[in-house]
Amino acid sequence: MSETLKLFEQLWVTTGVANFEWGQVLMVCVGMLLLYLAIVKKYEPLLLLPMGFGAVLSNIPIAGISGPDGLLGMLYSVGIETGVFPLLIFMGVGALTDFGALIAMPRTLLLGAAAQFGIFTTLIGALALNVIPGFDFSLADAAAIGIIGGADGPTAIFLASKLAPDLLGAIAVAAYSYMALVPIIQPPIMRLLTTEKERKVRMAQLRHVSKAEKIAFPLIVLILCIIFLPTAAPLIGMLTFGNLLRESGVVDRLSNAAQHEIINITTIFLGLSVGSKLEASHFLHVETLGILLLGMIAFCVGTAAGVLMGKVMYKTSGGKINPLIGAAGVSAVPMAARVANKVGLEADHHNFLLMHAMGPNVAGVIGSAVAAGILLAIVGG
Amino acid sequence: MSETLKLFEQLWVTTGVANFEWGQVLMVCVGMLLLYLAIVKKYEPLLLLPMGFGAVLSNIPIAGISGPDGLLGMLYSVGIETGVFPLLIFMGVGALTDFGALIAMPRTLLLGAAAQFGIFTTLIGALALNVIPGFDFSLADAAAIGIIGGADGPTAIFLASKLAPDLLGAIAVAAYSYMALVPIIQPPIMRLLTTEKERKVRMAQLRHVSKAEKIAFPLIVLILCIIFLPTAAPLIGMLTFGNLLRESGVVDRLSNAAQHEIINITTIFLGLSVGSKLEASHFLHVETLGILLLGMIAFCVGTAAGVLMGKVMYKTSGGKINPLIGAAGVSAVPMAARVANKVGLEADHHNFLLMHAMGPNVAGVIGSAVAAGILLAIVGG
Amino acid sequence: MSETLKLFEQLWVTTGVANFEWGQVLMVCVGMLLLYLAIVKKYEPLLLLPMGFGAVLSNIPIAGISGPDGLLGMLYSVGIETGVFPLLIFMGVGALTDFGALIAMPRTLLLGAAAQFGIFTTLIGALALNVIPGFDFSLADAAAIGIIGGADGPTAIFLASKLAPDLLGAIAVAAYSYMALVPIIQPPIMRLLTTEKERKVRMAQLRHVSKAEKIAFPLIVLILCIIFLPTAAPLIGMLTFGNLLRESGVVDRLSNAAQHEIINITTIFLGLSVGSKLEASHFLHVETLGILLLGMIAFCVGTAAGVLMGKVMYKTSGGKINPLIGAAGVSAVPMAARVANKVGLEADHHNFLLMHAMGPNVAGVIGSAVAAGILLAIVGG
Amino acid sequence: MNELMQQGFQLMALGMGVVFLFLGMLIGVISLTSKVIQRFETAPADAANTSNTDNDLIEVITEAVQQYRSDHPQRKK
Amino acid sequence: MNELMQQGFQLMALGMGVVFLFLGMLIGVISLTSKVIQRFETAPADAANTSNTDNDLIEVITEAVQQYRSDHPQRKK
Amino acid sequence: MNELMQQGFQLMALGMGVVFLFLGMLIGVISLTSKVIQRFETAPADAANTSNTDNDLIEVITEAVQQYRSDHPQRKK
C-alpha cells in the first residue's frame, strides 16, 4: 500500500495546485480578462480570444505548452520569430482591402502620415521613462513600443519580434486592446480639437476609380518602397501582393484563399502564439505597466496629430475637407473610419464620412509599415 | 551496346519487383485492405482511407516515402512526433461538438467515467500478455495500448506518440478499426447486460441550455484541468479552445476555420503520416496481433462498464435513466450514441435515445483525455 | 547636427537606389513582365502572378526576402527543396481530374506516351548546346531541362529541385510560359502534320464509365508504378491519392480540401518561392537563354510526336481516331485539349473533340511523371 | 504476480479514481454554474428565435418551389 | 560524339522505351479491369439521376425568377 | 538630456520626415498614374454593371419571398 501512496504522491506533485506560482495564477486571470473583453465586450475578438486563451494555456504549470516542445512554443518559433504569421496576415489584409477611396483622394495620404506622429512621440516617451528606476528601455525597445501607435496589429508584432521579442506580449496586448478601445479613446480628442463648423463639413462624393488604377496602385507602392525604403519591403511587399491578388481579377481562387483560409488559420495560430508570450516570467514586470501607459499615449497623440493635419487641410482646401477624417489616419481599420463617421453624424445627421475616412484609414496602414521600415533600418541594423 | 545493357540493369535494380521484400508486399496488401474497409465498407473512411494509402506508399521499396526525406516521413516528424496534428484535430472536434446534452444532464459524466475502465483493463491485459514468449510490453507500451479503449483517435495517437512511438501504427489501426466496428461490437454486450424492461425506459426531454452555460462549460473544464491534472492540459486545452471558438459566437470566421479547413487538412496529413508507421519493419511483429486482440477487449470492457454504470444509475434514479446510454460513454462520437439509439428503438419503436446518449458520448471524450493525462503524469515522467 | 547627418547617411545606405545592382533592376523588370503576362495576357496567371511577384520581391536589395531568414527563402527551403509543394499540388491535380475519358479509351495512353519524346529530344539538345562556349550542362541539368517538355508544372519543379536546383527558376519560367503559349505554339505544327481529311475525322461518343472503374483506376496506376518504377512513386502516389479521394465518394470533406484549400494555399506559396529563384545571381546567365530556347523546342517536338502517333493510330484504327488529339498528349491540362478541339472545329464546325482529347491530355500527365521517374532512377542515383 | 503487474493494478486504481473524481467534480461545478446562470438570465430563448427565422425562410422557399412545380407539371420529367 | 551525348541517346532510348512499356501495360490492365467490372455491374446509371434532380431544381428556380421578373417589369432598370 | 534621448529625437525627426516624404511622393505618383490611365480608358463603368445584376437578383428574390409570405399569412408564426 505504501506503493500506492507513492503513486498518489507522484500524482500529487503533478497537479496544478501543488505547482502553481502566484505569477501564473495572476496571468491565468489576465488571460481570462482578455477572454471576457473578447466575448462579452466584443473587443477585437478575432485576436483577443485566441490571445487570451493562449495566455491561460501558457501559464499552466508542468504542461509546458509554451515551452520548446509545447504546441504554443513551437507555433511561436515557427510563426512569430520568423515573421511568417504577421506577413501572412498582411497579405490577407491586402487581399481584403479596397484602396479605392485612397486612390480617389490621394491627398488623404498626408493624414495617414501625420498620425504616425504617435509612434515617434511614444518612442521618446519610452526613453523618458528610463528616468524612473526599474525602467531600462533600449532604443530598440522604445522603437518596438512606439509602433503600438501604428494601431496595426501585424506591423506591431512583426517589428516587436525583430526588435524586442521579450516585450512582444505586452506590446501585442496593448496594440489590440487600444485598437478595440478606439471608439472610446478617439471621440473626446476629436471633439476637443475641432469646431462644430468643421465637424459639419460635408465632403464631395468620391469619384469612380477604374480597375486599371486599382491594379496599378499596389505596384506603385511596391516600386516606391523598393527604391526608397527596402527595409519596409517584407511588410509592404506582402500587403501589395495580397492587394494585387484581389484587384488583378485573374486569380480569384488565390485571392479567396488569402482572404479566408490563410488569414483565418493564421489568425488562430498568431493569437495563440502571441498569447504564449503572456507567460508570467515575461509579462509580470513594471515595464509592462509602462508599455500599457505608453500605448494609450500613442493612440491619443496619433489621433490628435491626424486631426490637426486634418485642420490644416481644411484650411488649405478652402473648407472642403472635414478634419474628423484625420483621426482615421491612425489605421485601426475599419474601426477608426467608423468613429470618424459617427462623430460626423453627431454634428450633422446627414453627414456620412465613412467612405472619405477610409482613405486616411488605409493610408495609415501604409504609413505605419513605412515607419516600421525606418525603425528597422536605423535601429535594427 | 553493353552500355545500354548496363543502363537496363541500372533501371532493373530500381524496379519494385527486384527489390520487394515479402513484408512490404504483405503491408501493401494490409494497406489495400484498409482502403477496402474505408471505401466499400465505409468504416471510418476519413481516417482509414488516408491511413491505408499511407501504408501502401510507405512500403514501396527504394522510394523512401516514409524515410527522413520522404513526404510521409517529414509529415510524421513535423506533425505526429510533435503532437501538433492530434492537437489540431482535437481543436476541430471541440469546434464541432455541441456539449449541450451533457450540460443539460451532467450526471451522465459518470457514464463517461465508467467506460474508461476499458482503458485500464487493457493496460493490465497487455502486461499479462508478457507471460507469452515474444511479448515484452513495458508499462509505457501497456498504457499506450490501453488508450485504444478510449475510443478516441486523436487521444490515442497523441498518447502513443509520447509513450510508444513504435507501436503507434498498430494502435491507430486498432483504434479506428474498432471505432468503425462499434455498431457490431456493442449491441450484443448491451443486450446481454440489460433487461427488456430497462431497454424500454423512455427518458425525459432535455431542458434548454442557454448560450451563457455553453460558453461557461469549456472554461470550467479547462480550469478544473489546470488545477488538478495539468498533464492533460494540451488535449483538454485544445478541445475547450475549439469549443470556445464555437460557442462564444464572436469569432465565426475562426470557428469555421477550425471546423473545416484546419481539421480537413490535418486529417489528410494525419492519416497519411500515421500510415507511414505501417511499414513492414515496424508493423509485422507478433505484438501487433496482441494489440489488435487487446483493442477488441478494450472496447468490450469499456462498453460493459458503461452499461453497468448505466444500470446503477437506472436503479438510483428510480428508473428514469435508460442503461443503454451507458454504452455511449466509450466516446466513438457519434457512432456509439447512434448505436444506443438503435438498440433502444429495437425494444420500443418510439424510444429515441440519441440526444440523451450524446451526453455520455461527449463525456467519454473528456474522460479519455483525463485518463491520457493520468497515464502521461505517472508513466511518461 | 552632424549626428543627424550621420543618421541620414545611415538611412541613405539602406535605400534601394544606393544599393541596386543592374542585375537586380533587370530582374525586377523580368518580374514585372511576368505580372504583365499574367494579368493582361492572362497567361497561366495562377502561377505566373505569384512567381512574378516573387521575382520582384527577391531582387530587392538589403531586404533579403529570398535569403535564409526571408519569407521566400524559408518557403523555398520548406516547400521546394523538400518537394512538399509540388507533391501537394499533384494531390490537388489528382483530386481535380476526371480520368473517365482515358478509362473509356485507354488506347489514347499511347498518345500520352509519344508526346514525352519532347522531353528526351530536349535532353539531347541540352547536351548538344555544350559545344557552344559558356554552356556546360551535366546529364542531370539536361534531364531537368528536358522535363520542360513534359508540360507539367509540378513535375518540372519537383524534378528540377532534385536534379538541378540552380536552374529551377529558369525551368519553371520556361515550363509555365510555354504552357501558356500552347494555343499559339501547337496549331501550326498540328496543321502542318495532318491532312484536311484527317482533321475532319469525327470520333464516336465515349462510353459511360462506371464509378467502380474510376475507383479502380488510381489503384491500378499506383500498383503498376510500385512494381515497375518506384522512383516515380512520390509523384504518381500523390496524384492517385488525390484521385482516390475524389472518386471514392466517401471522403468528400477531404476531397474538397485537396481541391480547394490545400491546392490554393500551396499554389500561392509555390509561386512565390519559385519566384525566389529568379534572383539575378541565379537567373542572369547565358544558360537561361539556352533553357528558354530548349523549352520551346521541347513543346514543338512533343506536339509533333503526339500528332505523328495520332496519325499512326488513325491508320491502324481504320480512320476512327482523329490525329489532332495526339497533340493533347503533351499534358498542359486542359489547354492542349482545348487547342485540339479548336483546330478540329476549324476543319469541321460540328466536330467536337474536347472529350476525346482529354484522354491523351491526362495520359500526358501520367506519362511525364513516369519519364520523371526514369530520369530520377538513372540520373538522380 | 510480478512487480510490473502490481504497478499496473495500482495505475488502474489510481486512474479510475482520478477519472471518477475529476468528472464527478465536473458534475458539481457544472450544476452549480447552471443554477447561477439561470438565476441571472431573463430571456433564455433568444437564440432559438433567430434560427426559427432561418427555418421560416427555408420553409417559404421550399414551399414556393414546390408550388411552382405543381403549377408547372409539364416541367417534370 | 562525346561520351555525354552517348549517355543522352541511351537515356532517350531507355526512357521512351519504359514510357511506352508502362503506358502500354496500363492499356492492357485498364481494359481488362473494365471488362471484369462491367461483367459484375448491373445498374450503371445511378449517379446520373441525382444530378438530374439538382439541375431540375436550378431550372425551376431560374424559371421562377425569370417569370417573376416578367410579371414585375417595373422592377427592371 | 542624455545621448539616448538625443538619438530618440533624431529618429523622430528622421522618421516623420521619411513618412511624409514617402507618402507625399505617393500622392504625386498616384495622381499622375490616375491621369494617364483615365486618358487611355474609354469604358470605365463595366465593373459596376455586373454587381448591379447581382443586386437585382437579390432584390427580386427578396421581394418574391416577401410577397409569398404576405400571400400565405397562415404560415407566419
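Going by the order they are written in, the chains are A, B, C, D, E and F; count residues from 1 in each one.
Convention: a contact is a pair of C-beta atoms (placed from the backbone, for glycine too) under 8 Å apart; a residue touches a chain by one contact, two chains touch by 3 or more.
This structure is a prediction, so every number in the text was calculated from the model and none was measured.
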Steps needed, at minimum, to go from chain B to chain E via contacts: 1
Contact-richer chain pair [B-D vs A-D]: B-D
Cα-centroid distance, chain A relative to chain E, in whole angstrom: 48
Chain D-chain F separation of Cα centroids, rounded to whole Å: 41
Interface hub residues of chain F, defined as touching at least two other chains: 11, 14, 18, 64
Sites on chain B at which at least two other chains make contact: 7, 11, 228-229, 261, 374, 378
Chain D residues touching chain B - in the complex, by the definition given at the top: 4-5, 7-9, 11-12, 14-16, 18-27, 29-31, 33-34, 37-38, 40-41, 44-45, 47-48
Parts of chain C lying in touch with chain A, wherever the complex brings them together: 7, 10-11, 14-17, 19, 28, 32, 35, 38-39, 42, 45-46, 49-50, 53, 56-57, 60-63, 65, 69-71, 74, 260-261, 264-265, 267-268, 272
Residues of chain D that touch chain A when the two form their complex: 6-7, 10-11, 13-14, 18
Chain D partner contacts - residues on chain B that touch it in the complex: 102-103, 106-107, 109-110, 112-113, 116-117, 119-121, 123-124, 127-128, 130, 139, 142-143, 208-213, 216-217, 220-221, 224-225, 228-229, 363, 366-367, 370-371, 374-375, 378-379
Partner chain A, residues of chain B touching it in the complex: 82-84, 87, 215, 219, 222, 226-231, 233-234, 237-238, 241, 244-245, 248-251, 253-254, 256-258, 261-262, 374, 377-378, 381
